[in-house]
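Read the structure below first, then the notes.
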Amino acid sequence: MATQTKAQTATSRDIPFKWSMVIDLDRCTGCEACVVACQAENNVPINLQSAYEQGRVLEWIRLERYWEGEFPNIKARFIPVLCQHCENAPCEPVCPVYATYHNNEGLNVQVYNRCVGTRYCGNNCPYHARSFNYWEPVWPEDLRHQLNPDVTVRSRGVMEKCSMCVQRIRRATRSKTPSQVPDGAFDPACAQACPTSAMTFGNVADPESRVSKLRNDERRFRVFEALGTDPSVVYLKQVDTNGA
Amino acid sequence: MYYRRTLTEAQINQQLLGTVLTTPLWWVIILSCLAIVLAGAVSAVGFMVNQGLGVTGLRQPVFWGFFITNFVFWVGISHAGVMISAILRLSQAEWRRPMVRAAETMTVFSLMASLVMPLIHAGRPWRIFYWVFPYDWARGIWPDVRSPLVWDPIAITTYLISSMLFVYTALIPDMAIIRDRSTGWRKSVYGALSLGWHGNPRQWKLQGIAGILLSALILPVFVSVHSIVSWDFGVSLVPSWHVTVFAPYFVIGAVHSGVSAVVTLMVVMRKLYKLENFIWEEHIDALARLLIVVATAWMFLFWLDLIFALWLKEEQELTVWQLRMFEPPWSWLFLIFFMSSYVIPVPLWMFRRVRRSFTMMLWTSLLVNVGMFLERFIIIVPALMRKGPMTFDFATYRPSPIEITIIGGTIALVASFLLVFSKFFPLIPLWEEKEGQLLIDSVRVGNVDVPALVKEH
Amino acid sequence: MALDEHAIPTFPTHQEVAQDVLERYRVVDQRYWRWVSVLTLLFVAGIVGFILRLNDGFGDEARSNWGYLVATLSFLLSTFLAMPILSAGLRLAKANWRRPFTRINENMAITGLLIYLMLIPALLALPDTEGRLSIWFEFPHWMAFKGANLMVWGTLVLIGLSLLWLVALPDLAAVRDHVPNSRRARVTRFLSLGWTGSLRQWRVLHSGALLFGAFFLLLYPTTQTLMQSDFQAGLLPGIKDAIAPATAIINALQGAVALTLVVMYVMRRFGGYERYFGIDQFWSLSKPLLAFSLLWFYFWWASFITFWYGRQPGESELLKLLILDSYRNPLMISFFLNFIGPLVALVWNPVRKSIWGPTLVASGILVGGLINHIRWYVSAFSVTDPGQHVLSPIPPGQLPTASDALIVVGGISGCILLFMLISKLIPVISIWEVGEGLHLVKVRKFFGRYVVVIAKSH
């Protein structure tokens, strides 16, 4: 409650929404609960074994696992990679039909209805955050009730990617000003599911929010910073303890 | 050089119109075979549109594969037309005359083939109209002109329309000749198409002006089309694509590829249509010498591309080039491409005997185009396979039978369109041949008669 | 060989041409010596400027002092030393209209001597290859860029001079035989290598001219590639501009055509050479001039759009230096003089088919070219730390000091001076080539008009 009052008094001036995420790699265990939650929330097509064999897995957030070192000192490094919602997104200017653009809340949005599937955005994304529907997604009869009614079910030929659960954002912020949406009032599915709270989501335009504070941590880095894409997702480096 | 006056006007008329007025058996057979291939390709396209792009070999992160390679390849071949008819006309090279129409027509058809590719490679081809048509269909949104994929259709359509205009204006005198030799519906159709041509001085003057104007105006289009296609790659962030030299590199590569295709076309035409009186060794000799210059310029730009790709020592660029040059099977493809595009043909073309041999020129020109197709493939796919440092996402790409069928279909498309065209219009311009003969003269130097030309000014 | 469409075209005979050229060779105008003195003074002033700059040495701190010298070097390479390309290329293309001015192009090869001398301080001003971008990767710098540059440029100059000497042999022999009893005749006797004009000698001459020409055509892009990558790209942090050497070559072709036009005009106006440099020459050269001006824009745009669209940090800084901020004004001037001006002027037939039109455009192109080269090289030399990953801070535009201005003027004057001096020795109109051309033309009636018929020999 104290936090809420603070937010209310501090924001009588108009702050925008600027969604951002901080992912603490020190807390990430590689459990992939975020991947499952995202699939469930966003009607991501089901990836059967054939999808993996063909290399056409549809994942809005994926966990990349790298091995480091030689036996017996091998370490596994995990990094959940999702759409970075770059301020300077390379995927945006190359779409011929404006199916992807930057909205005024700092999100890179994908408009499925406009997408004709030229896949140039996928080529230009350095994070490989975009997936393409090569086949018509098949939803078995009994799983159709699991589909989230707030999220479009995409057909084949359309690009898709993480939207920071824009449907949850809309639900939480409908008819509200930024000062009326307290920090932590809602989370995207991935952040909500994460057992170690490695993923923090919030409005970075609010200086009191958790993401604003975490962003300035000394362990901070952004993926492929040198490319100048200005991602909104900030990662916190894993800390190695000796012998761990 | 090509300065022998051997044929009367009547002979020219009779030999070049022979293909229009009669239908040889080989024409029917070849067209039927091509029609079968085309039918296969069309059904492949239908299958793909019905099932989804999953039937191709495309996968994460190789979003573009054979279709885009083929698209760039056909745009490349289309550069033959302007090179032969426009540039050689403006520089008054006499040896262009038998080739101009065939080259321009091949340009038109290869542009049509190339336009098919971006249509079918999209995920939802039935929505493509939103893409290219400059009209806001709904919600007040126009196509995004920041995207190179919008520049592409603008450029290619402009080139297509100007090339069609070019072919048409050059056809008018010949269509008038056919009109005068036919009866019935043919007479009325050719009559309408030839716009009342009667060959009086005023009309010839207009024809000359039209030819020069079109040649001059089509030159900027010619340079910009393949440059715009190259910027599909150049403005992206993909390592080894983000290269400034792509524009002239692609254009010169296209001229290389296109002029080689013209050589192939000339040799095949000469054999099939029995055009020995019109297509001589001098022609392919001149084409081969042009090719040497073009190919060497292309090789220079290739080296610039390679040296400056490596010079920043960026890890991803090095990874991509290492894949291209040293990791099989890509290294084999690279070797074949390099040998076929330059190392084998160009030294061979240095020899007069090779340049004047129709068989050798046929094989070397085919080899060049095999190499150039591979060149496009090597530019596009390995770069996507090693796009980022995330080795977790490294993948490989293999074209599927559907893609190969469709590629074969585009070759059949261009070939069959050319065959059908030759049924209705002569492939060698009658009036250009006759004009060329008028301009022949000779100058006595010492006790030798040197062949000469009346200077066109 | 002026071509006037309203009258029956007439041509002089080979004898008349030979007599005329040798007469001009023998009698030297007072104005010539006046110009030589002026140019010598300017050249000496350039040397003074160079010595003033030498005071500060070649260290890292003094590197920005040498920007203007390197810019001049590059400009001279791209205009004066590019002239033999026209001679070699047009000879390969068998263009008949090149014959009157082809010796001008070949004589310019002598400027290679001065240009080669200017290369040496330029090389000394370059820092070591260690820690910065270079096409030599990790090769030790003495072997690599210094050695290779000296070798390649030297070979280029040598081939240019060899081409000049070979192609001038018949004319040197003509001087030796018909202008006796002078100091120059003694030198030409030595230089003409006993030329007698036998069939075998002519065959060797023709093959040699094509061969040397082809070598020059192959070596020139190599030299420009080295110039661009060592002196410009190698000093700009994070630049990856593969098209830059090709841009430099196209600009050089534009510069060579422009300089040919200007020299022809000057010789017409002040030397009385109207009968040689007529409308045919100016009109025929105006077409490649227009083409190269369009290509100037095309090559510049190809580089710009790739950098600008990608919005990568390293490239954005370089754009700010070269195009958007520091050197924006030179770029605008050069853009106008090298592209917009030529385009707007040369699309019109009356402008192309005139003497003044192409000359005016060509003068603008030369000025714009100098400014463009200043933009490329002064900016590169003003970067304090070439070993950075991303350029920071962005150096501002560097205006020339007095010594810089002297160096620029001196370099250009030196080249013109060398051209004038060599033209005293080797006739500036190629008697045998013009004569050969005259043998290959005749006039006849063609559908009621008089036209020129040109033989195309193998």
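For clarity, chains are labelled A, B and C in written order, and residue numbers in each chain start from 1.
The criterion applied here is as follows: a contact is a pair of C-beta atoms (placed from the backbone, for glycine too) under 8 Å apart; a residue touches a chain by one contact, two chains touch by 3 or more.
Nothing here was measured: the structure is a model prediction, and the numbers come from that model.
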Using the stated contact rule, I'd like to know whether A-C or A-B comes out ahead in C-beta pair count. A-B
Can you tell me which chain lies farthest from chain B, using the average of the Cα atoms as each chain's centre? A
Could you state the distance in Å from the CA-based centre of chain B to that of chain C? 35
Chain centre separation in whole Å, for chain C relative to chain A (CA means): 58
Taking each chain's centre as its mean C-alpha position, how far apart are chain A and chain B in Å? 45
Touching two or more other chains - residues of chain A: 90, 93, 227
Residues within chain C bordering two or more other chains: 309-310, 312
Which chain B residues sit where two or more other chains touch them? 235-237
Where on chain B does chain C make contact in their complex? 1, 3, 90-91, 220, 223-224, 227, 231, 234-237, 242-248, 296, 300-301, 304-305, 307-309, 311-312, 441-443, 445, 450-455, 457
Chain A-facing residues of chain C, complex: 309-314, 316, 389
Which part of chain C faces chain B closely enough to touch in the complex? 3, 5, 93, 133-135, 137, 218, 221, 225, 229, 233, 238, 240-246, 287, 294-295, 298-299, 302-303, 305-307, 309-310, 312, 439-442, 444, 446, 451-458
The residues of chain B that touch chain A in their complex are 51-54, 56, 58-61, 63-64, 118, 121-125, 127-128, 130-131, 141, 143-144, 146-150, 232, 235-238, 384, 387-393, 395
Per the touch rule above, chain A residues touching chain C in the complex are 88, 90, 93, 226-228
